[in-house]
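In what comes next, chain A is part of two complexes: it sits with chain B in the first one and with chain C in the second one.
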Partner chain A sequence: MQVKAPDRAAAEHPVRPDTPDRRSRTPALLRRSRTLQGMAYAAPTAVFVAVFFLLPLLLVGQMSLSDWPLLAGDRGGNAPENYTDATDSTLFWPAVRFTLLYTVLVTVVLLGLALLLALLVQESRPGAGFFRTVYFLPGALGLASASLLFWGLYSPSTGPLSRTLERLGLVDDPVSFLGTPTSALLSTVFLVVWKFAGFYMLILLVGLQRIPHEVYEAARMDGASRGQIFRSITLPLLRPSLALSLLLCVTGSLLAFDQFFVLTKGGPDNSTVTVVQLIYREAFQRLNLGTAAALSIIVLAALLLLNVLQFRGLRHADDS
Partner chain B sequence: MGSTAGPAGPARRLVTGAVALLAAASLVTACGSGDGDSGNGGGGGASVGGVDDGATLTMWTRAATRPQSEALVKAYNAAHKNKIELTVIPTDDYQAKVGAAAGSKDLPDLFASDVVFVPNYTSSGLFADLTERVDALPFADKLAQSHIKAGTYEDKKYVVPHTLDLSVLFYNKDLYRKAKLDPEKPPATLADWDRHARAVDALGGGVNGTFFGGNCGGCGVFTWWPSIWAAGDDVMNEDGTEAQLASPTAKKVYDTYRGWVQDDIVAPGARDETGVTWTGVFPKGKIGVMPMPSTTLGLMPKGLDLGVAPIPGPDGGRSTFVGGDAIGISATSDKADQAWNFLAWSVGDKAQVDVVAAHKDVVARTDLASNKHSEADPRLVTINELVADGRTPYAMKFGQTFNDPNGPWLTLMRDAVFGDGASVDKNNDAVTASLAD
Partner chain C sequence: MRRDTPVLTRALGRTPHYVVAGGLAVIFLFPLLWNTWASFSAQPGTAQESGYGFGNYRTLLDYDAGLWRYLLNSTVVSALTVALTLGVSLLGGYAFARFRFPGKNLLFLLTLAILMVPYATLLIPLYVLLGRLHLQNSLIGLSLVLAMFQLPFATFMMRISFEAVPRELEESALVDGCGTAGALRRVLLPAVRPGLITVGLFAFLAAWNDFIAPLILISDSEKAPLPLAVANLRQQSMGAVDYGATEAGVVVLAVPCLLLFLLLQRHYVRGFMSGALKG
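Up next, the complex of A and B:
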């Protein structure tokens, strides 16, 4: 926005062709000063990006090529040892596989449910506002706090969930929600869906409400069934919102950390170690910043690639 | 507490935090109102006792040992011109915090550390050399030697013991009576322990024989290793580069624990217990006998009739994991003399007896094992005397091998106890690989 403002001024103001040109040399000067002005407007953002993104990125790059223990600091280059160490770790490929599995699972369940919720509350019926608020409410909680809350709920010894099931006579022994690889994964997915469904519902709701009523009316006049309307009108017109949700959800899930760190710490038996957890482990358990940086660069590259592919795929779908 | 590294801290906070604070507070009042002898433990000169000139010192400790550190700091501040500003850092974040601060030369004047991580810090040059100061203390050789050893690197001493946390058996005397066991005869061998746990477990009605943190490497180190040491075996070579955790003794220990799991002698939740709540199970009064950190003794409910005994080996013997925190002066501190004033005072007679022992904690000196507070509670004498029989394991790669929830030791533990134990040898090699990394 800051960058645009002077441009618009430039377009509207000074170079009016019908005004007699009394200051023939000024346009060039003005243009230069306007360029400077534009740069000045952009400067704060540029500085911000440079200091808080580019510089750290460069540092991480350098770290990933150096022997850099957390306690001792830089000990000089050792490329490409950190990268081979990172990928040689017995946990690396299982973590990649698990992160992908988790991402697919969360994305499918989360976006499916979010769409359902959005459809449920899209009409302005009495009470719709209440339900919108209710669905969105978990989104107002921090992920770490929510994870801690669920950790308490899931606890077989102190949590209320297991005890309630026992009291109801549904189970005989305390239920260990995080005790097996499958139950740990599903319990975490449940938390994430609970936490984020409302947020994605909101994105989709905005998309739904942008679809003009006339289109629906016309379809109904033509005798289209509900299913046909959903498939041929709602879904295609919702695509931009769906695309945004998909992008956010996939990126977010690939970077999953908090929920697993709090709920499972990668257990049981290393079955829920995500890629970002590996980075944390390298840096703060193994005190090895070099390998942690190498892993970060690998994750960054993978994410970039995936986002490019996703953008391209979605644009392609738009064109067709 | 290599042991409770991470594990026990939050637990203590959750379960008995309020009690702890109350206890600490009442203690401090007691000390603060005492006569003003700011005693530096013995000897006057600045070289031995440090300097008390009104300096403000910064100090870090981890949440796991918060009550102990707070009590010491409050008592020190009340009787000295120097003032210590204590910052308590969440246990799980402590290593990261120290690492980051070391990188930017922002370490406080004093920082305590889980004693098992100390070798990492001494070898990285984070602590100032205290050799002369420590040796000049009149009771230098009476300081808990396992802590001193852990803090010695290339013949230089860098730390003194700050809080001692020993693993000991707690047993519930009421349940022992109900199970027709002699409440004055705690287990003397692992086989006794097994028999007692099974007898108590048979009472039923929500009562279980024993409990342990089965998804917590630090808990295993803290509570299982003493059984191996008690038999005279070791868990690592001297340099801490080679694991010896597949020895016949070690396997006997794993077999006993596996039996408890198979026959449901263990309270539910052991398999999932990541160490956050493992010390909160015994105080509920439904567990027969289990290893616990000695620092929790002062925090147990009043009505709980509990006995304390050393952890035995398969055929007898006794040992303990001498955990807890050691403390040193950071290499970058420019107030080393003032900081030493606190350290020298903290291991002196007055602080050890009136603050540490009064709080039912383990004293850092063997010559004070029996004092006016421990005399009132024979359990404290049992614990204090164990310091001499206990060990503090030494390894440079301790945390990443044994405390890391994704490390090789936890895999060994879980395979050995929840699995069939067939892969102990293979897993022991993985532990060695991590130690030698």
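Up next, the complex of A and C:
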């Protein structure tokens, strides 16, 4: 928060260069007018933040402490019933476990592949631009569109994957890529990696291109092998970009929804229900907004905690 | 690698690189190409029983409220979201970059804090809130929500765009008797145009593709944007699955995104650079 300096103090100190008032004969008046103009330009942002961000944030807190059926609306406080209902649900802990498993799996595979892609296209070999565009192309699609695409691709009856495997004689019956809990999870991970690898490749590419050439040259002069260069130069200097990717990937995966809603609908046997899907089910299938709000607050708290820990961990690592 | 190796060895050394890069390119392209091909080709249980043609697209035209209706819904939502995002972040970016006023840093931090809060956490109360504002089940309400989710990136992007413009440019306009609004319109607007294009592109892609916000905020199938309509269409006609129409729907959804991305790739990548550098 910025405190407005008293006029005398402002007159004694040179005016900050971002106020073009220095030529003016009535600086105080003009400065006030300039302050008001600044507030006017920021007003739409302030209204948006207040109405569509802060207000809902307060409301979700209140809802989580109230008996709030979807159709009847607010029926007064019932704390902490929504929270106990949410965590007592038989789906809660399986959903938490599944979401964590999915997050670890996606993060490892996705960032590994993205790093490989970034290394493949970083140099200005002929064709590097083409490969960059191709790898990124799936990223331009929406996640829901990509999920619908893979839903057809994975189809046991008309999808090309199952038919190809059959024709090659590798399997006798059509393969159901979404049929078992494990295959449904792996199929979804493959879809997400396909869709987002180019996105993380771009972030890592920015990091790679900021490593000065001289560092590599010096290492090569000293006779370092490619593996040594990668381990002791590329990886450490890429840390900021890797950290950003990690943060985005973990946060995004913990909030997974579209891909499971479209591809698996949480099945088979509720084995692929994520935490955000649980919020949706609670609100719009079990018609209980209060419990859904309590779940939302739990997710928010978990995410904030995770971000704080991740920041601390990164800062700690920076200091060492 | 680049020591005095003979040309032939170097060329051979590159071959595995192209094999890996090319193989991966095939994997990345295959789903897109297959889906496009499949949407035009014959499949049992679809409107395209034999040969190649537009049968699946005709199914899409006639589905429920009709493809044109859903395209219109998606276009309205995307246009409104882009317009709102551009308008709010242009003025906000100007204010944050060039003015001093009480609460400036707090407001900027709060805008960025939108990123810290999960999408789903906000959508449950927004569903109730839009109902109170009589914006439930409305494309305008949906656009307002989508624009809000765009604000952190857009405001950040516009702030650094304005900060990159030399101050002298604006000051000379002010001395010439323009107000700040005149300086913004005549001098600054052209200077921050690349930033606006980047912000607009991101806002369009997000609004066009969003799934969970319309799923929660729009209950009337007449008002569904295209992604929601295509997802609903899958279980049409007594539980039978129409893969062909879904594939056609994916093509209609994907084409504008792919075209815009290919046309504006430079602006897209710039958005990344700024985020990745400052993030």
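Side notes on the structure shown:
Here, the second predicted complex is superposed on the first by the 276 of 320 C-alpha atoms of A that agree within 3 Å, B and C clash if a C-alpha of one lies under 4 Å from a C-alpha of the other, contacts with A are read in each partner's own complex, and residues count from 1 in each chain.
Convention: contacts are C-beta pairs under 8 Å (C-beta built on N, C-alpha and C of every residue); 3 or more make two chains touch, one makes a residue touch a chain.
Just so it is clear, the model here is predicted, and its values are computed rather than measured.
When the shared chain is aligned, chain C comes close enough to touch A:L55, but chain B does not. In the superposition on chain A, A:V121 contacts chain C only, with no contact to chain B.
By the touch criterion defined above, A:L91 lies against chain B but remains apart from chain C after alignment on the C-alpha atoms of chain A. Legend: residue contacts after superposition of the two complexes on their common chain; A:R226 is shown touching chain C, with no touch to chain B.
Touching more residues of chain A than its counterpart among chain B and chain C is C.
After overlaying the two complexes on the shared chain, residue contacts for A:P138 are found with chain C alone; chain B is out of touch.
Once the two complexes are overlaid on the shared chain, A:P268 sits against chain B while remaining clear of chain C.
In the superposition on chain A, A:A72 makes contact with chain B only, while chain C stays out of contact range.
Judged by the touch definition given at the top, the superposed model places A:S176 against chain B, while chain C stays out of reach. After overlaying the two complexes on the shared chain, residue contacts for A:A283 are found with chain B and with chain C alike.
Common to the chain B and chain C contact sets on chain A are residues 155, 157-158, 283-284.
Listed in rising order, the residues of chain B touching chain A in the complex are 95-96, 98-100, 102-103, 120-121, 124-126, 215, 267-269, 271-272, 274, 277, 280-281, 399-400, 403-407, 410-411, 414. Those residues of chain A lying in contact with chain C across their complex are 1-4, 16-20, 23, 34-39, 41-46, 48-49, 52-57, 59-60, 63, 117, 120-121, 125, 127, 131, 133-138, 140-145, 148-153, 155, 157-158, 160, 194, 197-198, 202-203, 206-207, 220, 226, 241, 244, 255, 257-258, 261-262, 276, 279-280, 283-284, 289, 292-293, 296-297, 299-300, 303-304, 307. Contact residues of chain C toward chain A in the complex are 1-2, 14, 17-18, 20-21, 24-25, 27-29, 31-32, 34-35, 38, 43-44, 87-89, 91-92, 94-96, 98-107, 110-111, 113-114, 116-122, 124-129, 144-145, 147-148, 151, 155, 167, 170-171, 174-175, 180, 205, 208-212, 215-216, 227, 230-231, 234, 241, 243, 246-247, 249-250, 253-254, 257-258, 260-262, 265, 269, 272-273, 276-277, 279.
Here chain A touches chain B in the complex through residues 69-73, 91, 155-158, 173-174, 176, 178-179, 265-270, 273, 277, 281, 283-287, going by the rule given at the top.
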